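The same chain A turns up in both complexes below, where it pairs with chain B and then with chain C.
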Partner chain A sequence: MHTDRVVRQRFFSGLIPAGCRRFLLLALLAVSLVMLGALMTGPLAIPIEGIYRALQHETDPLLQLVVNELRMPRLVLGLITGASLAVAGFLLQTLTRVSIASPAVMGLSDGAGLCVVLALFLGDRGWEGATSPWMLAAVAFAGAGLVLLILRGLFRLDPDLEKMVFSGLVIAAVCKASISLLMLISQSDIAAQAQLWLVGSLAQANRQLNHYLLGGFIVLCLLTLSAYRQIALFRISESLMMSLGESAIRQQRFLYALAAGFTAIAVAGAGQIGFVGLVVPHLVQRLCPRGVPAQLLGNLLCGAALVVLADIGARTLIAPYELPVGIITAFIGVPCFLVLYLKRGKQ
Partner chain B sequence: MPRRLFFGLAGSLVLAALASLLTGYRWLSPVQIFHLMSAPDPALSSFVLEYRLPRMLIAPICGAALAVAGLLLQSVTRNPLAAPDILGINAAASMCVVLALFFIPDLALSWLNLLAFLAAVGMTCLLLLMLRQIDERDSVLRLPLLGTVLSLLFSSVTQTVLTLDPATQDQALSWLTGNIAGRSVAQLIAALPWLLVALVLIVRLLPRLDLFYLGDTQISALGFHPGRLRLMAILAGSLLVAGAVSVVGPIGFIGLLIPRMAHFLVPHHHRVRLPVAALLGALALTLADVLARFILFPEDVPVGAVTAFIGGPVLLMLLYRRRRLAYAH
Partner chain C sequence: MRIAIWLFAMCSALCSAMILAHPLRVVTLTNDSTEAMLALGITPVGATRSLLGNPWFPHITNQMSGVTVVGQELNPNIELIASLKPDLILGSRQKLGRLKPILTLIAPTIFVKDNRRQWQQNFMTYARAVDEAVAGQQRLDCLNTQINTLKVALAQQPLKSVSVIRFNPGQVRMYQLDSFTGELFAALGLQRPPAQQVHAYGVSNFSRERIHELDADILFYFTYGTRRQQSTLQYRDSFMRDASWQQLNVVRQQQVYSIDDVIWNTANGVLAAEIALAQIPALFSLPVPPELNSCHLPARP
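After this line comes the complex of A and B, so read on.
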């Protein structure tokens, strides 16, 4: 009985080191506060008890509509997107060991975005199945995966992984050119939708899409958590990783595929929200330096909180209008990036 | 060797310009152009003057400007990957113009040009300030990575303004997409003063550009002022970028790849390399513009997309082939 409890305690303290618990609790608190805030704020300010009643379907239809049909899907999409991007960035930074690796910087978001816009375009030209949520997520995954395959194919044997990241940016530029070309020849309201996709926005959140994304997200999270030992190995040292031989390469492929999957979920839901995948992993690394499961959890929570917070800002800053959430994250992210990148040079 | 190269390039440029004048949705023959000079046919002459002639003039001038700007940046930063588009200078100029048009609609073209120039200078100086923190023992990729991520920020600001106020898009169109079709000679004339001032600066600078093969301390030991030289080169480059971008918009990859090609053909002496780069840039953009008419045949493709589709894979191959990227010394 006693030993059982000790073993259990050891197991959990191994998963989540003592120093990180407070951080995780605070992050959880932040996420819940931000969630409440996202439901309460907007053109129609709703007090807490109003939200509670609306969720119980006990209030007037207008409030129910606003809370359940408008703000809730948006909130859920924001949570999923932010968490996915942060974990994708965490995985990419772990695998490449480049401090600024992230889905947007490595061109994964743009590859996924290009494929999504292509699917919208095909849907507009009469192929009905192309715009179903399932299909959008699948093509986004294909796009992100393809970019990763090209990068890995070219630079697998190259020790300079920064070069690989930069090549991702080059691919991103080509993808952007393709997207604007598609927008130019589509000549319909797809162009406006694609424009939103280019910056990243939560405005097109809907329930049906959220269900698919949430399902995929949970599966990916479980897969990532199941691989936490491997992630820890990759974080310790490259030579250790190499000395493990063939299986390490397979694990690496698996983790890259997970990163592509997370990126695809984020892009299929909300377009290209930049800099979340760049900044959040660094923040988490600073506040919770040990324990991969704890860091994964921290990334999930902080990413979700950041995107939902940015979305609150996007909806309220210039009140009657709405900013795309991508610009808020860009304004938060770029200064952080500069500080990170220039500081490392001094060391 | 350089002389033969020079004449070869000039000859191909003339041929490409002819192709730019004659081919496209409507094919013309040289005979028709000759007839046009002797006996004016109003329909044909207005077609040539409005559509073909501007494209024939704009493409080589702007291509040369972008290529030379790239060469200057690469020389003074000693970084083989520096270029107006990679360093975010194009994106900064576009962003400033779009923001200005958002707050003050119907701003005059000359003001916009001035603004684009200021943005280009500001952006380059900002990058150089950051560059002072960068050690040359670090990776060559630091500067390009910094610039590209900053240009991501700028383009997201631009996109946001466009989603907020779609009317701005029509006014700022020439700063947004790299395109030559539909640009007028008037825009080119408005940009010419900038390009000419840049030319004067470059002529003064040209004999001293080779100094940057040395380190900064060696340059100052020879009695020159490296900071001042660099600033002058940056001013010239920014003038070129501002002028070119105000006409054709942010066209990528010309400013990066053409100077590399010139470096490959003429390894030493900026005195020779700079004109070669200018000719190559002019040739490349003219050919890309001709190609843009035939990719999706009846419709015109923006030339920026063509350069991205060709330049992107070429740059990837360059990065792949060059196992070790190093600062040029």
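After this line comes the complex of A and C, so read on.
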């Protein structure tokens, strides 16, 4: 009854393990439910029928505005950032083989964050172009990439992946300190605005930003999927990867760059949402232990569902005010991570 | 679609302006715009929570009954704003410039550049937005008459230069000319110490080594926060125990006064300015308090 399924298509072939199919279906169901919930909840409770009519532009302008211009961009941004963070965490955990590796732990989020805050301040000081969505995404990528380059440089000096991950913690601390410094020397209102963004919030979602992010996200996803065989090799063993020589190292660089790209998309869109990149890969690993394409898909779906769910909480828990979504993901993510991590240790 | 909504919003605003079938529904996203509306006799349908209020600053609370709280100044709840179906949204670009595109879809949105400075110009921008330029100008003229009366009275007393600082949690900020107090004291013809006679908002994280630069004939300070400010007060006390603070002339002459942070610094509104002006005679212990004309408009029917 439960058999692995092998998919062989012209552009893609791979293994979907038996247990994973049900998991993926459940994850898909969860994402759909959460998406529906995100469109329905808010100051105006809109029934499913109302959402359908609003999406068809057949209802009163207020509902259309709320659904199409407010909730939809926010939902899309939540899906993109959640999926990006989860895949970035998955890639980093695969590459470093350290179970606590994630964009936030390794300082990628903070590097990207520092660069984005810098851009925000330059924008405030009169350089308008610095805060365009395109520019923010670019500087976020530069920041995450720079941190990775530093980490890879350290790895050259002392080839120990665990040390590399933990040096990321130090770099994260330096970036956080620099951000605090920037906030201290600036006017308080800008600092408060940056603060809001630093703990992660989907409140700034808009269509223009989403277009850029979605475009980048799809490209990165395709690139990641095209490299899934390499990811699978890296997951089997480090020595196997190393024995493959130069091309493996090049692949490794490529995958690190992908992780930086995913992190940059998430940070440019919603700021620093913690724990998604840490917890989701562990969860997926537990529920679907084999098959890289299935795991990638699982990470995409679970990450997206987690962030959108957290955002529903962020919007409704203390309405009319808003909680930063990063706080909610931390409250959901930390206990989950501890349970998964401790259980994993016992096995 | 976006254009259609925008057209609808514009049309509904225009129609309401032309027909005046219902009073203007205004949502104010900063406290100074809220105060501007109240001063012009318009109660907003929605406003962001006052920065330190619960939800409103004390001096506007009794005029704000029935007003919907639409979130915080730096993070308003856009969906709630939309659900109020406003005709007009007022705010500040410095705080919410990033949200203007989306707010414009809900209703015509008018932002001042920076709501912490040029409160008179900002007030007129808001007044013009609700087509009350005449009433607004009257209100400002009245306030400026008050200011001139006070200026004459202040010229005849010995305290000429004013120093202004604020105790924030764990740090001190010195205020300069381009702030609410800076503009107010300049209009009143008062001098500032050289370090504050600068066209800027202020200096955050003011160093204790520069305390001597605060010397003046009279010093005003505000303390951040209306609740739970115990730690700030402790910080203030430790700052004031500093030897160089004790050596300031203004401290020796005992001309250091605490003034309300909301009225003098955070509110930035026209109503706060009026309350501040009324406090001037007492703060400077003017022997003969000048007669100030009243600026209150008759209530609207």
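Keep this in mind: the second predicted complex is superposed on the first by the 316 of 347 C-alpha atoms of A that agree within 3 Å, B and C clash if a C-alpha of one lies under 4 Å from a C-alpha of the other, contacts with A are read in each partner's own complex, and residues count from 1 in each chain.
Rule of thumb we're sticking to: a residue touches a chain if its C-beta (ideal position, glycine included) is under 8 Å from a C-beta of that chain, and two chains touch if they have at least 3 such contacts.
This structure is a prediction, so every number in the text was calculated from the model and none was measured.
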item: Clash or fit, chain B versus chain C on superposed chain A; value: clash
item: Which superposed partner A:180 touches (first chain B, second chain C, both, neither); value: first
item: Which superposed partner A:71 touches (first chain B, second chain C, both, neither); value: second
item: Touching partner for A:206 - first (chain B), second (chain C), both, neither; value: second
item: Chain B versus chain C as contact partner of A:105, first or second or both or neither; value: first
item: More chain A residues in contact [chain B versus chain C]; value: B
item: First (chain B), second (chain C), both or neither touched by A:321; value: both
item: First (chain B), second (chain C), both or neither touched by A:155; value: first
item: Partner chain(s) touched by A:117 [first = chain B, second = chain C, both, neither]; value: neither
item: First, second, both or neither for A:61, with chain B first and chain C second; value: second
item: Contact residues of chain A, present in both the chain B and the chain C interface; value: 184-185, 196, 321
item: Chain C contact footprint on chain A (complex, rising order); value: 42-44, 57, 61-62, 64-66, 68-71, 131, 184-189, 192-193, 196, 201, 203-204, 206, 208, 319-322
item: In the complex with chain A, residue positions of chain C that touch it; value: 1-2, 4-5, 8, 49, 68-72, 74-75, 77-80, 82-83, 85, 94-95, 98-99, 101-102, 105-106, 116, 168, 201, 204-205
item: Chain A-facing residues of chain B, complex; value: 81, 85, 130, 133-135, 138-139, 141-142, 144-146, 148-150, 152-153, 156-157, 159-160, 162-164, 177, 252-253, 296, 299, 301-302, 304-305, 308-309, 312-313, 315-316, 319-320, 323-325
item: Chain A to chain B touching residues, read off their complex; value: 100, 104-105, 150, 154-155, 158, 160, 162-163, 165-167, 169-171, 173-174, 176-178, 180-181, 184-185, 195-196, 198-199, 274, 321, 323-324, 326-327, 330-331, 334, 337-338, 341-342, 345-346
